Amino acid sequence: MKPSEISSDVSPEVLLRGREITRRWGGLLALNGVSLDLARGSVHAVIGTNGAGKSTLINILSGEIPPSSGSVELLGQEVTGWTQPRRARLGLGRSYQRNTIYPSFSVFENCRLAAQAATQKPWQWWRSAQHCDASLSAAHDAASRAGLNDLLDRPAGLLSHGQKRQLEIAMCLATAPQVLLLDEPLAGMGAEETERMLALLAELKPGHAILLVEHDMDAVFRIAERITVMVNGAVIASDTPAGIRSNPQVQAAYLGDH
Amino acid sequence: MKPSSEFILEASCIHAWYGSSHVLHGIDLAIGRGETIGLLGRNGMGKSTLIRTLLGHVTQRDGRITLFGQDTSRARPHEVARLGVAYVPEGRGVFPNLSVRENLIMAARRGRDGRNDWSYGRVLETFPRLKERLSNLGAQLSGGEQQMLSIGRALMTHPDLIILDEATEGLAPLIVLDIWNVISAIRASGIATLIVDRDYRKVLTQADRALVLQKGQVVLQGNADEVAGSPALADYLGV
Amino acid sequence: MNHSKTLFVLLAFAGLALYPLMAGNYGIDLVTKMMVYAIFALSLELLVGTTGLICFGQAAFFGIGAYAAVLLPAQTDAPSLLWLLPACVLAAALYALAVGALSLRTKGAYFIMVTLAFAQMAYYVVHDTPLGGGTDGIYLTLKPVLGTLIDLDKPLVLYGFTLLMLVGVFGFLALLARSRFGRALAGIRVNEQRMRATGFSTYPYKLAAFVISGGIAGLAGFLFAVKDGFVNPEMMSWHLSGAVLIMIILGGLGHLRGALVGAFAFALLQEFFKSEAVFGDFARHWHLGLGLSIIASVVLLPRGLVGLPGQLRARLVGRSNLQGVRHEAV
Amino acid sequence: MDLSIFLIQCLNALQYGLLLFLVASGLTLIFGIMGVINLAHGSFYMIGAYMAYALAPVVGSTFGGGFFATLAVGVVLAVLLGYVLEWAFFSFLYEREHLQQVLMTYGLILVFEELRSLLVGDEVHGVEVPAFLAGTLPLGELMTYPVYRLFVSGVCLVLALGMYLIFTRTRLGMMIRAGSTNREMVQSLGIDIKFLYRVVFAAGLGVAVLAGMVAAPVSSVYPGMGDSVLIICFVIVVIGGIGSIRGALLAALLIGFVDTFGKVFLPQAAGVLVYVLMALILLWKPDGLFKAG
Amino acid sequence: QAPAKLKVGLMLPYTGTYAALGTAIENGFKQYVAEQGGKLGGREIEFVKVDDESDPSKATDNVNKLIKRDNVDVLIGSVHSGVAMAMAKVAKDTGTLLIVPNAGADAVTGAMCAQNIFRSSFSNWQPGYAMGEVVAKKGHKKVVTITWKYAAGDESVRGFKEAFEKGGGKVVKELSVPFPNVEFQALLTEIAATRPDAVYTFFAGGGAVKFVKDYAGAGLKKSIPLYGAGFLTDGTLEAQGLDADGLLTTLHYADALGTPRDTSFRLAYAKAYKQQPDVYAVQGYDAAQMLGVGLAAVKGDTSKKAEFADALHKAKIDSPRGPFTISRFNNPVQDIYLRQVAGKENKLVGVASKALTDPGRGCRL
């Protein structure tokens, strides 16, 4: 669905809901009863110490790994038992903290393939993939939003690190998701690209529910409506930016003098 | 600035290619003993390429590089590293199939002057988070934990020059603070550093000198405060 | 595919179509065999080159197609192509479905070995049980026909039919490669995790590729059995699975042309080094020549035989363009 | 089956398993640890067996003979060969598509097999058990057990333990394992990866040849012998979990037991049992028994 | 004007496990041709060779190469039974003359038999049957058999069992090892547990070497006599060493027959090829003799198949192994010798079965 088609509601509509999510890795309790709601039209930031379980949370919400216990609800449906692709098709998009691209494909093909997920039609084996206008335009759109217009024909593996980070976002956008789970999208991006990214997030905000995991506090405080702070697998605070900034526990555990 | 005789690394007229694309166009760079250099520039301008060229990873290169008085223009990467250069690559380069402990001790090496102060224990003290995950494989670490491991591993080689490419990427603010403190400590102990970091303000406060790259060329360089004060800086960094 | 490559393929098929005009009996036989191997290689190319699934048990599907061609028809009447060919393809595809459903749970080298395991199971079934004549093999007495139109007992008819099948399979796979299905398979090869994250259920895709590949291998097996009129457990042995893998690597992975070129090159190299006319008594040591030329091809042709023109062009232009990540034109 | 027979069968299974590990040990290094898909492993093993046959008289006349002298000379030659082979045929392959290694090692199989035919001929040969290990021990009422088989088991255990310690406990082992995932970073730590890998490859070949030499008196020496062990070696390394020496040892023992008791209890299916076992294990544990380490 | 040369296609293994056998057969064949001045049936002989790699899946192509490309008049081959089966099929379809110089698959002169398909060696059934008679006569009652699980082994054991049980014995257990597995320890223990009076076995090549050594190593040789089809100790004695000493086997040839025919053959062979001949060389030699006899009868015209076959059925082949005739199924009717290993030779003990003829089951000639 295109963002423009969604009327911005007044009452916040919860698109993704995680309930009491727990995950163990052997003896390690990576997530301990974490609950959170993502509403349409808002950016919900999750911050926390390294190894707090933020990426694990995204992995569970997106279905990449199963939780040890807890449940996930997407667009009003219970999806805990769903596979990742199925959730993705329902409208969940994610980016990875470590680049997860198709290095041997061109930048454009990276985006196009992501966009193709919406119109897969694998049985149409006689029709060329390049003739599907819907995915072509979605791919162009995503690439230009992420600022990759000049690099469309470059093999993705030959991009610089920061450019790969941009591509990571573009691929997430190309699937036109309603819920975006972004794992450190700003990491590795230069100042200019950071600005562009923040502008993009602001632009996406109205129609989407966005979960933003980020260590760039300036950015987080600029854009998030709500911030959840995690330490060692547990949520220690969840509040507005102002509330978080003044929370002494958060300062001690995470922010320092920020 | 240090006198030129104390340069531990001197590079002149560096060119580099990836296949047929010409990425670096004649870069000059010198690093003095114990000096901290900041390397700035937007995404894709050639910062990492410059570093990888100095380290000998980019094979299609041209120009002259001397390290500690030795010509390393055509040296192989391990020879460069053995001269006392440590590298924290972007994307971390943690060995996924080795445990944290193994990642660290496989790298341990005395410094050129026999220094042995960055012991296994000291690294773990600096990054207590790693201590809890010693027997985990590299692949099982969180992004930030990997970053810590990569820095710790570099320190264990007791380098005279340490090159940090986006070393704070993905680290929590408190740890970033720690890292900058470690960098200061490293600098204080006489180790030279070459830093690439997206937080250019922090780089400019830490560094003695800075270079700004644009399309594979140095477009601005000088003492850190000069660079910080330059009106062109914002343009080159796109802010 | 750009124009010169299309032209190459068209010329190759045209050459094959004209070949019988100037070839003798044996030549026709030989090229029929090569075309069968080419079909077989194409089936594996779909898995290895396109989808990145290295199957080391392809001979099982080949063998099942072949044994089906012998065991299914009643031995009294010449069976009709109309049902026998689909039946053989289906038999192989069904086994591929079972094998794929299970082995696709594993990855990488583990997948290689699981496919080998299932192939070996099929091998031992025909090797150790009387079904299909045990180790001695079994004969196909009556070759399939299609009315009075096609009688595969005639070498020339078989040649034409095999060529038709080859062109058909090649065309099918070429279309497939550029379709959405094919692009999804390529995406799975390059980064399956990202495919899943963007919404592709990769397992059914891979399974479909596996079944199609098994079916095509079964077709090749069917043709082989018809050509020889004799099947033997060795048609399912890992040596054959290995040989067909060697063909596609030799030809160049990631290109359908590669399978074609590889299958022909492998067979021709063997013929060449076995030829007493050239090597005299030393021909009995033909493995040496074959081995050395394979080694030479690895050293000199990093992208297989199909990469040769590109390499030559790069040599002419000057700077080598081979470094770094493989670039696929899309 | 009465108890004593059962125990003897267990001993057979154990001994066969250890022998299998011995045969696969070179592959655990070159494929398991270095990650090179080495189809030529069987050829290396074959070279070892033929060395045991062909070297003994030569070593006898130059050094005054001796079983261990022959072993030593063989291993030294093998390591040299491995060093040269890696330099000439493998050093440039690591950066390429992995399947190129398949092609290369396939070519090597053909060449080695033909060189063997040209140099030593196509006959079957036996290799004498050295005199001091030639005895037998009584076993049950009818049977005896050759001392040499015990010796082979001992060599295998020592080898397994040595390899395990080197790869898990030493920095050398860690460097080698690291090299299989990120060569560039290993170099950045001041390690000459090219040299290191050349040495490991040579060691792998040395171990394969040692296995061939030690096993030769038991297995005898014949054309095509490498071919017949190749697949089982891959099965062992993969079932055990690629990169795990413990796993390989366990897998070899498991196969020893399945094969031994399979032949007795399920003779109709004895051939296929190993593969059924492999399929079951990998479907149950898609990464092998031990992931790594 | 001299008649055109006769093209003889040798399809034999020159690489792989059976390479040595292929060479011996070729040598034997060529020796006879040389003795005849390079001519058989008045026609000069020209050879065309193909390496069959002992691979049945390539066999049809290889035969076709000889028949269609090289237009051979006669086919000679091969060692591996599966390959021979494929050859027989093509020979039957095309009517090309085929002489099998080794492969013992019963079907070649059984179900697959044809007017133009001959064998100069043996059927798997023959040595097995002969040994069954011998073992029964020795008074053994309980016997265990052990072989590779493949057609040749099964056929040999079947022959043994037929004669042995006819003679009043009982095969109490039939053990088998998957081909080409050579780990026998488990089954040796099984044999010890069964405690038979004797063991009958069929192995060849590397497997034979290993089996004999393991049998001795397990201490069974002392307590349970081992009997085998001759390949157990043919071409393998050097490798088997002392462990083979005293073993009794049956085959249509033995090392020191001492007949003038054999002695002259052996001398000539050793002189020509610098090595001792073995049973494979004899089979190759006799294949050439059979061809010679047939060709002489048809004056070199290979298209006269009936006459060719007739001549052979009437002939007595003067083989180094001793004279033999050809059965109407085209398999040799020959004496099967009982041999004992002594000093690295298969010494003649006596005739195990006189003029033994293969029943040719399934043959409709």
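Chains here go by letter, A, B, C, D and E, matching the order in which they are written, and residues are numbered from 1 within each.
The criterion applied here is as follows: a contact is a pair of C-beta atoms (placed from the backbone, for glycine too) under 8 Å apart; a residue touches a chain by one contact, two chains touch by 3 or more.
By chain, with names taken from UniProt: A, B = ABC transporter ATP-binding protein; C, D = Branched-chain amino acid ABC transporter permease.
Because the structure is predicted, anything quoted here is derived from the model rather than measured.
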Which chains are in contact with both chain B and chain C? A, D
Distance in touch steps, counted as few as possible, from chain B out to chain E: 2
Could you tell me which chain lies farthest from chain A when each chain's centre is the average position of its Cα atoms? E
Could you tell me which chain lies farthest from chain B when each chain's centre is the average position of its Cα atoms? E
Centre distance in Å when chain A and chain D are each reduced to the mean of their C-alpha atoms: 49
Where chain A and chain E are represented by their mean Cα positions, the distance between them in whole Å: 74
Distance from chain C to chain A - Cα centre to Cα centre, in angstrom: 43
Rounded Å distance, chain C centre to chain D centre (Cα mean): 32
Check: chain C positions touching at least 2 other chains come out as 124, 127-128, 285, 287, 324, 326
Identify all positions of chain E at which a residue touches two or more other chains, and write them in rising order. 15, 149, 178-179
For chain A, write out the residues touching at least two other chains, lowest number first. 158
Using the touch definition from the top, list the residues of chain E that touch chain C in their complex. 14-15, 48-51, 55-57, 59-61, 64-65, 68-69, 81-82, 85-86, 89, 93, 105, 107, 149-152, 154, 178-179
Residue numbers on chain B that touch chain A, as the complex places them: 18, 41-45, 48, 90-91, 129, 133, 140-145, 147-148, 166, 169-177, 198, 200, 237-239
Interface with chain E, chain D side, in the complex: residues 1-2, 5, 8-9, 12-13, 15-16, 113-114, 117, 121-126, 128, 136, 138-146, 149, 218-225, 228, 259-261, 263-264, 267, 270-272
Complex contacts: residues of chain A adjacent to chain C: 62, 64, 83-86, 88-89, 93-94, 96, 100-106, 108-109, 113-114, 116-130, 132, 155, 157-158, 171, 174-175
In the complex with chain C, residue positions of chain D that touch it: 37, 39, 89, 92-93, 96-97, 99-100, 102-104, 106-111, 113-115, 117-118, 231, 234-235, 238-239, 242, 268-269, 271-272, 275-276, 278-279, 282-283, 286-288
